[in-house]
């Protein structure tokens, strides 16, 4: 089996992607910088930084701390606001022939509805990722995904606007007692798929200042350190909801890691933090994955999705 | 709009020299043709710790000098302070080691189109990029004065060859172990006035840059500061390295120091707002 | 300030310890093996492997997987049962002049009561750690600490037996939506202090067999990878319950790390996984911590506890 | 009761040789006086990846030979297969590197008190500890026959000097690229009977140990197997390395292979229960 003949295309709901490796939201900005290192059309999709309705400054610096095999970030959803984003970034990405998944974030369920309405009138977008799990907001109550009911209300208000033209992926946090329960809730509310996982809430204390290191005190833990948590979350959700497509993410930095998430149940894999350490990570991971699939005798990526669950 | 340095490339670079100089290590990498695009003020982002490293992020270092020679092709020189685990790892590497680098990154120092009187101010290893800058300014007919400062003499980086390209060099240390006792700002007003300085270039700790900005602004002198904010990616995709910058319309916004900088117009940086809640931004 | 003159003694409830660094439950067996590398009396205490009422085989192998800066384990509480433990291990530890904290685990709230009764009649024990958060049990429902009410029932049944002679420390899992809520619950039910954190639920898929690597499928993630999660949990709980003593743990492998947990609010620090990679970790960490405290001008450990919260 | 090897010490050991031999690396560490306590069957636990390693656990390797010499003091030799990231790191280390080791660990092979006919069976790098064992057995007047097997010839480790200490050596490879085509168990019954083997020592993959146990048990021959179960700590504190062992009273319990082993009485290991739910234990 030659790596080249493996069909690595994938689908998330009714959206088709020629390849399964995506950027992770917030870890590729709007794609322009990574385009210097590889053509964006060669990867599955660019998932853009979560955008809010209004421009937003985000959290104070320091915004990052490196941790063993991981990092904390507390960006706090800095961004230009949806209007500037749709006017500048989306057309640029489409001109590169990249697939675009737009991640949205709001302070209220209604704001998500407003954002969805603006996206509905933008042609060319492949899917919407609904970020209900950003830990970097002043009020932790805003992490909708820690509560099943508030999560459902957000998905509801997006679903009301998006009639099925493009899939809605709900992005969940692992920082909950029962992620399967939240997953079931958002699927019942009309999400077409899930994005698992967002960062894990963490903190670093600077032993020189003897205070929390990050300007925002807590931050989101990402990178290889959290991969076992991502694999577990994906596996659990796939076991409970075997037909729901999952976009997996969390600590993927090699083809081996991507395969691990796919075997656990992911139909596509987003690469986040790995791009910080290696600007060509996304494309290398995709190439390595293709090889690994071929070595294992898979003729298509789809055969490998959730394969670890076979009896 | 801000964009990533168009010349940036990722490559395996061979470490060809690693020499202790005072408190620092002078490290030279062979990087190939890309050296032609490395300008004073640009930086290099280096993967540290090797294949099984728990350090997942690159470390940023200013390019202090570049050269092209027959044996090694294009080379870049860095002046590295062994600070934490990543920089210590780098300083412990031996000649011949292949290391993954991304270079050149960031905005370079702007060079005046006409000859001008320039003052270069460096704190600690912040002097590193200033010698390469001095060469360029000299070649454009500028007068180049330099003021360096550090806590102790061993932290003054001022190589012999570097001294040749400046018209004057003044050194301050806080403990007086080298040069005069004091800080780079101690006699700054006087120096600017006496030498009729038209443009200031600075590189060093943020507190120094802020102090220089205040004096430069009060005297109405242009000031390009090379800032140092913690960077997770160095290429503009993570938004960790931001600084509050006042735009032409007077509003403040968070700009990425890795691609809108590290060289910034000192007067536009809202030093007082660094690290403050963004709710206070006007 | 010389390191030697720093007072590093600490207290957890009414128990006093000459030093703040302990072994972590399950990461020192009953102390015998580590005693080959340093005298057990030199560290704060030995926290023994969680013991159940009956002997127990635990989970099938493989029981471990290394992950980036961490590891998964699925031991499943293998042990000799409380009677053999009290007859053999506790007397041996006391003969070494070590302080002993006994960790107990049960399948029902009643079993914890039974265990507590047996401990009450054993002289010389410094404290009881009530492990209500072991992820390595067949039925995840048994992880009492994922639910406030069941957690409280367990602590209740221990409290009924232990009248205040020795402190009861409730060991919690970070795998919950709101750890502060569980913490408040168990304190209300009579716990004297908290042990934070147990391992984080994770999974590794073996990309050769293409199945979950561990015999028990999921396992508990420990080691430096989870340290930011531990620091966050300790900080959050300390902020909410500033007078409740916390025994901190999670990824500590140097004096720097121990100091981080102490600044966040831990009165003592248990070292687990680090001992696997370095049998002298516990004692080195304690020595490094002493130095770091001295360098910062602390004359006693107690001054540093929760120092990151100062205004 | 099982106890940790009383001689175990943690120390910085200098790697003094690293040579490729077929598919393996022969690695020699200078460990000092502790070498006197290293017996055939003991293992060494090595910290891998250096100071900033993401690999937090030690790697276990059988001690293949020990020696004491003037230049390096006590040395231990290992035969390492570059398998995953840790063993590859070790195989990439250069002479002179200081590495943290804990040694000796585990139970050694038991030596018969009277001269006996011994058969040593090794799979892949499992032959490593058998040559040191052969020396000891020889010196006690035993007859020592050896059977080695591997998938391919490059994975047979049988050094020249080693061959000298055995009375006979038979090699099997699955692809026939060295010795006879087959497995170590192919002619095992015949060999045991012909040579009147009284005790078998084995080291290799678990499936091989199981197969040898079956034959040894059926012929009533004593069998000491050196097992290899994944170990997090190597010193008895984590309970990850357990195997189901049938005790004298007939009940099965999980024993730590790092301190109750790695050498175990093959007949007591419940090979069929390895990796099975412990609920089925009698």
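Chains: A, B, C and D, in written order; residue numbering restarts at 1 for each.
One rule holds in what follows: a residue touches a chain if its C-beta (ideal position, glycine included) is under 8 Å from a C-beta of that chain, and two chains touch if they have at least 3 such contacts.
For reference, the UniProt names are A, B, C, D = Unannotated protein.
Note that the structure is a prediction, hence the values are computed from the model and not measured.
K.L.:
Shared touching chains for chain B and chain C?
P.N.:
Both chain B and chain C are touched by A, D, going by the contact rule given at the top.
K.L.:
Identify the chain pair with more contacting C-beta pairs: A-D or A-B.
P.N.:
Higher C-beta contact count between the two pairs: A-B.
K.L.:
If we define chain centres by averaging CA atoms, which chain lands farthest from chain A? Would you check?
P.N.:
Greatest centre separation from chain A goes to chain D.
K.L.:
Can you check how far apart chain A and chain D are, centre to centre, with Cα atoms defining each centre and the answer in Å?
P.N.:
46
K.L.:
What's the distance between the Cα centroids of chain A and chain B, rounded to whole Å?
P.N.:
Those two chain centres are 35 Å apart.
K.L.:
Provide the C-alpha centroid distance between chain A and chain C, rounded to the nearest whole angstrom.
P.N.:
Here chain A and chain C have centroids separated by 34 Å.
K.L.:
Could you state the distance in Å from the CA-based centre of chain B to that of chain D?
P.N.:
Computed value for the inter-centroid distance: 55 Å.
K.L.:
In chain A, which residues are in touch with two or more of the other chains?
P.N.:
Each of 68-70, 223-224 in chain A touches at least two other chains.
K.L.:
Identify all positions of chain B at which a residue touches two or more other chains, and write them in rising order.
P.N.:
54-55
K.L.:
Is the chain-to-chain touch network here best called a line, a ring, a star, complete, or other?
P.N.:
complete
K.L.:
Any idea which chain B residues touch chain A in the complex?
P.N.:
Contact set of chain B toward chain A: 3-4, 6, 8, 10, 47, 54-58, 100, 102, 229-230, 232-233, 235-243, 252-254, 259, 274-278, 281.
K.L.:
In the complex of these two chains, what residues of chain C are touching chain A?
P.N.:
Within the complex, chain C touches chain A at residues 65, 67-70, 72, 146-147, 175-178, 200-205, 207, 210-212, 218-219, 221, 223-229, 231-232, 235, 251, 256, 259-260, 263-264, 292, 296, 307-308, 310.
K.L.:
In their complex, what parts of chain C are in touch with chain B?
P.N.:
Interface residues on chain C, with respect to chain B: 68-69, 224.
K.L.:
Taking the touch rule as given, give the residues of chain A at its contact with chain B in the complex, in rising order.
P.N.:
Within the complex, chain A touches chain B at residues 26-29, 32-34, 36-37, 49, 57-64, 66, 68-71, 73, 75-76, 78, 215, 223-224, 253, 273-280.
K.L.:
What residues of chain D sit close enough to touch chain B in their complex?
P.N.:
Those residues of chain D that touch chain B are 48-55, 85-86, 89.
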